[in-house]
Every structure is written in structure tokens, then in C-alpha cells.
């Protein structure tokens, strides 16, 4: 069965900005869907901010193996309830790929627990991504590096927790560097942040970027059955203890009581 | 100059539950303050949930090098604004030590980005903490392990991100294990979670626990000047680029415009 | 194409100790091979210490996707040249699963860079392995924990580097804990250490252990083409620099000279 | 008491190459010693390859809190026995700072368990080191970045294990990037690799580099008493088990027998 990828697109600039609309006539989400569907083992669809519940209903998340997230100007319009629902899906085992300006999305900041800030410059400069983890699944089929001729600069320090693995580090023409591909695990969910993708440039039409995205979807996919309740904190009663023990000492909780949250 | 430690105490059970009140007549926060002040290089004070802004005003955080957090029954009563203020202080460089049931505090979940859940049992059973990182500063002066005769059980899986370092792993009489001492870095702030400390037992009167807490305060202290704005995402204009570049390509942002959040 | 697994067996106790010979009439390596071959996507074979070059010729390693290693009494008899060859294969992308007393094998110590020591006791006590990374591929199909009724105890501190991921933590009847399943990446190779497997007990006949081993083989398999020379440190001449630069300053190396090692 | 730092200098180029001799009339080790001793809390001395046992006798290591290592052309002349002695000192708690071409030293490769390879170019190009872990103790007193006008290029992929923390990432004029400051813990010892320091340039005369080195010495210093035997793997007899257990099952080891290595 193919991996079910859902691309979440903010879909605002495509509607309001002629440059973006011309670069991405099907929307950035449309370009991403096409890129993923070129892989027969992936079946991608898209939803957008404007859909009811931003397209991220419980049902949609339940049938999404890997979610890709592109947002920029409208991070604040994403409902907190939907963000929490997505976070729970990740903890349960859904993969998540956060793209470019998504570094400031609510969901990425929610899962990182850090500001996720950086420095930036929109000057169409050259970016060169070096593979720092050779033969990592996300770097499959790439050489030692690849270039994107026109990109926005993102510079360190990048306000993220120490990554599980650093897969790409970028060189920028104007003198900065950036950890451009980093992995995390949050609960049962695999998370990948991938830097390139400024809406004013044709980044998501580049074959090498398509390759990375397809690799990332495969990597992020956790085939295990989702965890039913990723927040569960079950009490283990004394008589169910795996080793025989006798209750003793003071008691705060009445028998059968739920834990406090 | 001594390290300025602030103990945040929920201070609810001490007021309502006779058992806890008798064990901790000065409050759990009071016992923690005394334990820390036994170290001449630490100067500890306490604040509680009931104080205005829970005692965690901007001014108080500015003069706190390391914050210790004990809460349990009233996590939900902590204001979201205060939680965000504490998170920003951590990102700026304040140390944070989260104790026991604080695993479910808003601030710990905020910084971890995960559910922080676990299994539990209140049966006064024996816990033995093994030092898995010998000679780690937080384990200074300890042997290979130490025991707490009466403790609540917390069992794996513990819903946290992979730690930077695992310092303690607990054995429980009833058959469970738990990663009882784990470190993280969030922004410029050092974070330590320490498991023991159920309010129905005299854990915070034990000298070995005092030793760990004092060690942890010293470890968590970052003497660097606080970062002024840990969320800053400054634009670097083309004419300020460290390497000479020429602007080119499409433009989304008008000159001098702030980035989107 | 199935994953090609090679089981390296020390095969000494099986020849000299009646107890081990009776438990493992086909050798421990034989039991491991059978367990893996029950998975149609794995094709396992075995080699032993007694084979020429311990069975680990360059040709054999080239056709091994994942190597499993069980050794105990004869670590010192393994040739340093073979150890280095195996290390290079791992760096090139071969997976490696180190079992039980293999914690003191030359290859594991070589790849970890640490003593890999621990405490131990042979008393046939109960071990309970808790899954600390729910839904990790290595824990596929397991519940929250599993038990092995008769096992040797290994206790913390375990002298390893901080793992990439901690998948299992063991509880022992006699009071110890141990990080029983830990992952690493060394070069392009995935490495997994799995604790259980004392030769005096029937551990490698247990279905749950078979499940872990098959999971681990699938996880450790890196399908990418092997890196040709994992030690290469190529010079990039000035005229091949990706950005145009002009040579300047003092020179230590003559043109075209190899780097020092 | 000041931190006792020992600088290990290869001291070969200084004797044979006029350029290096002129840049470093007291030897590179001499320049490093002076830089460290400018800090009243550090007391630095040096030893060299040419000293008996390369200056790294058991006695010298016992009174060294932090060892700095600079070598290049003569890695192969360092005795394996001395390397092992240094590794054991690190596991016991001695700090280690490996400099520049020391990436290929026996001791660094020994502790990493990986090839530690990279790409390189000697062209006197500009290097800019970005601080990726703001307010990390090793970055104390630095701004967001610093530049070295003339340096050798080292490029990714850098064949190291995933670092505990990445403190610096370098930008090079010729188009490469490199993880230039990375931390590890090996046993009780803190390890830091710092990239700059090609012998054909005056890098070790730069105040900003001196600052990093002094910071690194303070960070690497573990004040705990050294671990007596970092390789110990003690047996815990049944009658000394912390929880009462009864021996059962088969036995491989005779009572009181040492473990196999």
C-alpha cells in the first residue's frame, strides 16, 4: 500500500501575489503533491488553510501517514485546536515534514519547545546544501551536495533543540550557514525540517528538491499502528504490579482515582 | 556571587492534606529552599502558586539563575501567560529543574513538545536510582546508586524527547524502570528533570536528594548574560551581508519589512 | 530482494560446554540463523571464529547487509585486521547488531570509543525489558514490555556513549537496571546493541527475542550503495572550488600532495 | 586551584618548515600555552611528541585536568600504548580538546569510533564560524560569529558520530561548510573538537581563538575525582545482590571467576 502523504498549504500568497501565482499556478501545495506523486509508492493529496478545520479533521489525520506543512504569512490564523490535534497525531505516529517558513508555524514551535527563530534575507542568493549524514535515507540518491541558485537566506543561530540527526547544512552566498535538514522524534512520530522553499523562487520545481521530499516522506513514515491515546498516564494498581509488592506508607490518592493533570 | 535559585511551590496539598502538612510543615518549597541554602554558593528563595502572577514576575525571573518547579494537583491553575514568560526566561538562559509530578506541568510540556506521560502507582515502594553517567556534575558525590525506601512509582514509557544525557535510571520494587534524571538544553537554558518527590513521603528530607538538587542547581546555572530577545528573527539587509552580494530574483517582502510570524 | 544477514558466532562454548551444547545443538549462531530465516524478507547465514579470516572476508562483508555478532570467551582471538575490516564495512553502510556479551567484543569497543563495561551476575534471574521508544521499528509488534525468566544480569553504569536512541531499558530481579537496546549511527552504518542472550539459558529460543532480532535486522539495513572508501579525505584544489577563490597566504603542502594521516 | 591544562604539540613542522617556525617561534604548543595562561584560572604547560613517552606519562596525565592535542604530519609516530593511556585518562574524567588536523590523530579516531575524515584545501581563504549554540560556555564572550581571514578549508561530510552538541558551524569562502566545534562525552571525560589552526597561518595568535580555547578548557574540566579503573566490569555475587534473589538455572562461570574479555 502506498504511503499516504497530505500536503498542508497555506495558500495565501498564491492568491494575492502575482509572482507566486505565476510560479505556482496549482499552488505551492499543488506543486508539492505532483512532486510526491511521481513516486509510485506515495499517494499525495493536499488540503489548505481555507478548508474547514484547515482540512485537518480527525478523519483526515487518521488516514495521513505523513503530513507536509508549508505556511508563512498566516501562521497566526491556524486554530490552536487544530495544532493540538496535529501534535497528537504526530505523537501517535504520524510523520511530519515542516518546510521552509514553517519554522515559525505553530505546530513546529509546539513540537520543538523552542523559539525556532533565525536570521533571514530575501536576495535571491545561492544556497548550497551539504550532506552531513552520507547515505542517510533522506539523502538517498544525492551526491555530496546540491545547489539552489535562487533562495532566501536563513542564518544561524537556528533556535531549535539539538537535532537527533543533522542531515544537511547550507552555505549561503552572503556569508551565512544553516542547519537545513534536521530530524527529531516526538512520541512515535518522525519529524523532519527542510529549509528550502521560498515562495518567490521556483524551488519546488527542482528535481533535486523533489528527490529530498520523496526521501523524507519515506523516512518519516512509521508503519506501526497509531498509539490510541498518546497522552495516557495509566495507574498500575498494586494488585496488578508485575512483581508482588505490599502497599505501605502514606496515601494521597483514593483507590481508583485518576492522576492529576 | 551565589547562584540565585527560586523554588516554585504549588503549595496546595500542604494546605489541604494533613499528611503532607505534617511531612512538610514549611511547605515542600520550604524544605527545598532549606536544602539548597545549606550550600553557601546557592541562595534560594521560594514563591508559590498563590502569589500574584504565581510569584513569577518578570522582575523575579530576571533575578533567578535557576528555577525549581514542583506542582501536581493544580497544573491547570497556572496561567498560560506566566508559563510563556518562564519559557522565554529559559530560552534566554535561566536554568530550570522540574521535579516529580512536574512532568505534567505546563512549563515542562511546553519545553519538551511531547506528552510527558508515564505510568504510576502510589504504594510506598522502594526506588533505586542508578547513575548512568558516572562523574556527571549532577551525580557529584554520589556512588553508583542510591535508594529511596518509600516512593511513588513512575514507569516507562516516559513520553519525553530523547534526552541530551540520561543521568539516572530508576529500578522499582514492583517491576518498572524509569529514566529518572534527564538533561536538555532549550535555547540558552539548561533543563533537568528529576523524578523523586511524591508529597506523601519524606523524600525532600533525604540528604542524598538534597545533594542531587544542589548539584543540579550548579549544573543548570548558565552564567552568561541573558539573551535579550530569544524570539528575535532579524532581517539581514543585502547591504549588510558579510559577503558582497547583489540582490536578484523575485521579491516578496518590501524593503525594511518585518518577517511574518 | 531479501536482506542478507550474516550471523557471526564465536562457537566456543558450544563445543566445550555441555550445557550450552544441549541448549544450542546447532550452535547459538544456528539458532539465530533459524530465527531470522523465519522472516521471508531476511536471508540469513552464519560464519564462525574458526573459519578462515573468521568467515569475514572482504567478499562476505560485501554481500552482507546486516552483521550480527555474538562472542564472549574468545574476544581476544579475533584478529585486529578483521575487526578493522568490519569497522570499515559498517562505516560504508553495513548494519551491525551486537548481542549480549558482545559488549566487550573488539568491534563494539572499536565503534563506540568507550570501555563498554558494566556489572554482571549469573544467577538465572528474571529480566523485564521495557520499551522506552514506543512504536520504534525495533519494537514493532511488542507490547509495553516483555520478560525473560532466566537471564544473566548486566547492570549500569554501561560504559557507552550517549545513545542516538534508547529503545529498551531492563529491570532485573536482583535490583539493577540496564539500557538493553541502544542505537547508534557510525558513518553510514546503523548499529544496535541488544542485551539478552547468555549462553547458559534458552534466550535465543524465545519468540519475543526472535521478533526483536528480525525487527533489528530490518532497521539496521541501509539500502544505499556502500561508500567506496569511508576513510577518503580528498583535497579540493583551488581551481575546483565551487566558489571562485584566489589562493593566498603561506603554503605547507606542495601542489597535488596527499594530506597527512 | 587553577585548572591544569597540558598542551600536546607535535612540534615537527616548527622544526622543519621555516614558515611555521617564523609564525610560531615558541612552537605552536608554546603559543597555545601562552594563550591559556593569560587566564589566571588556568595553569598550562606543554609536552611534545619528542619527549619520552611523548610527555604523556601516567604521572603527567594524573595531574592534567584538560589535555589539548595538536598534531598533523606525525600522527603515525604516536605510540599506540600512549594513545590507550590517554583514552583511559579521558574515560576516567580528563578533559580533551582536539585541534584542527588532530581530527586524524589516533586519539580522536580512537574515541570517536569513526573515520573522522573530511575534504580540505590549503588556499588561505576566509572562514567564518557561526555560533549555533548561543550562550554555550564554549562560546562565552563571543558574538553571533567570528572570522578568520586566512585558514585552510575543511569541508563536510565530517566523518564523526552525531555530536552531543554542535557549537560552531563554519562558512568557507570557496563554498564549503563544516561543523567546527562539536562536543562529546566519553566515559567521564568531556571532549571538544575545534577546527581552526592550520600551521601555515597565524590562527593561534588571534584573540578570539584564545577566548574559545580558554572557554573550552573551563568547559572540559571535570572536577570530580578520577574514576580509578574505567574498564572495571565487576561481578556482583548473588549474596551481595541489592534485592534478595536465589540462584537458579545453568551456570557457565565457576564461583568467584572473573568475566571474560
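Chains here go by letter, A, B, C and D, matching the order in which they are written, and residues are numbered from 1 within each.
Just so it is clear, a contact is a pair of C-beta atoms (placed from the backbone, for glycine too) under 8 Å apart; a residue touches a chain by one contact, two chains touch by 3 or more.
Treat the numbers as computed from the prediction; the structure is a model and nothing was measured.
Colleague: At the place where copies subunit A and subunit B touch, is the share of residue numbers found on both sides over half (same) or under half (different)?
Modeller: same
Colleague: Consider the two chain pairs A-C and C-D; indicate the one with the greater count of contacting C-beta pairs.
Modeller: C-D
Colleague: If you average the CA coordinates per chain, which chain's centre is most distant from that of subunit A?
Modeller: Of all the other chains, the one whose centre lies farthest from subunit A is D.
Colleague: Where the CA atoms of subunit A average out and where those of subunit C average out, how many Å apart are those spots?
Modeller: 31
Colleague: How many angstrom lie between the CA centroids of subunit C and subunit D, rounded to a whole number?
Modeller: 27
Colleague: Where does subunit A touch two or more other chains at once, residue-wise?
Modeller: 128, 133-134, 155, 162, 164-165, 173, 175-176, 185, 187, 242-243
Colleague: Within the complex, which stretch of subunit C touches subunit A?
Modeller: 93, 128, 133-137, 140, 145, 147, 164-165, 173, 185, 187-188, 222-224, 227, 242-243
Colleague: If you look only at subunit C, which of its residues touch subunit B in the complex?
Modeller: Per the stated touch rule, the residues are 128, 130-134, 144, 155-158, 162, 164-166, 169-172, 175-177, 179.
Colleague: Which subunit B residues qualify as touching subunit A in the complex?
Modeller: 13, 17, 19-20, 23, 72-76, 87, 91, 101, 104, 110-115, 117-125, 150, 153, 155, 159, 161-162, 164, 173-176, 184-187, 198-201, 230-238, 241-243, 245-253, 259-261
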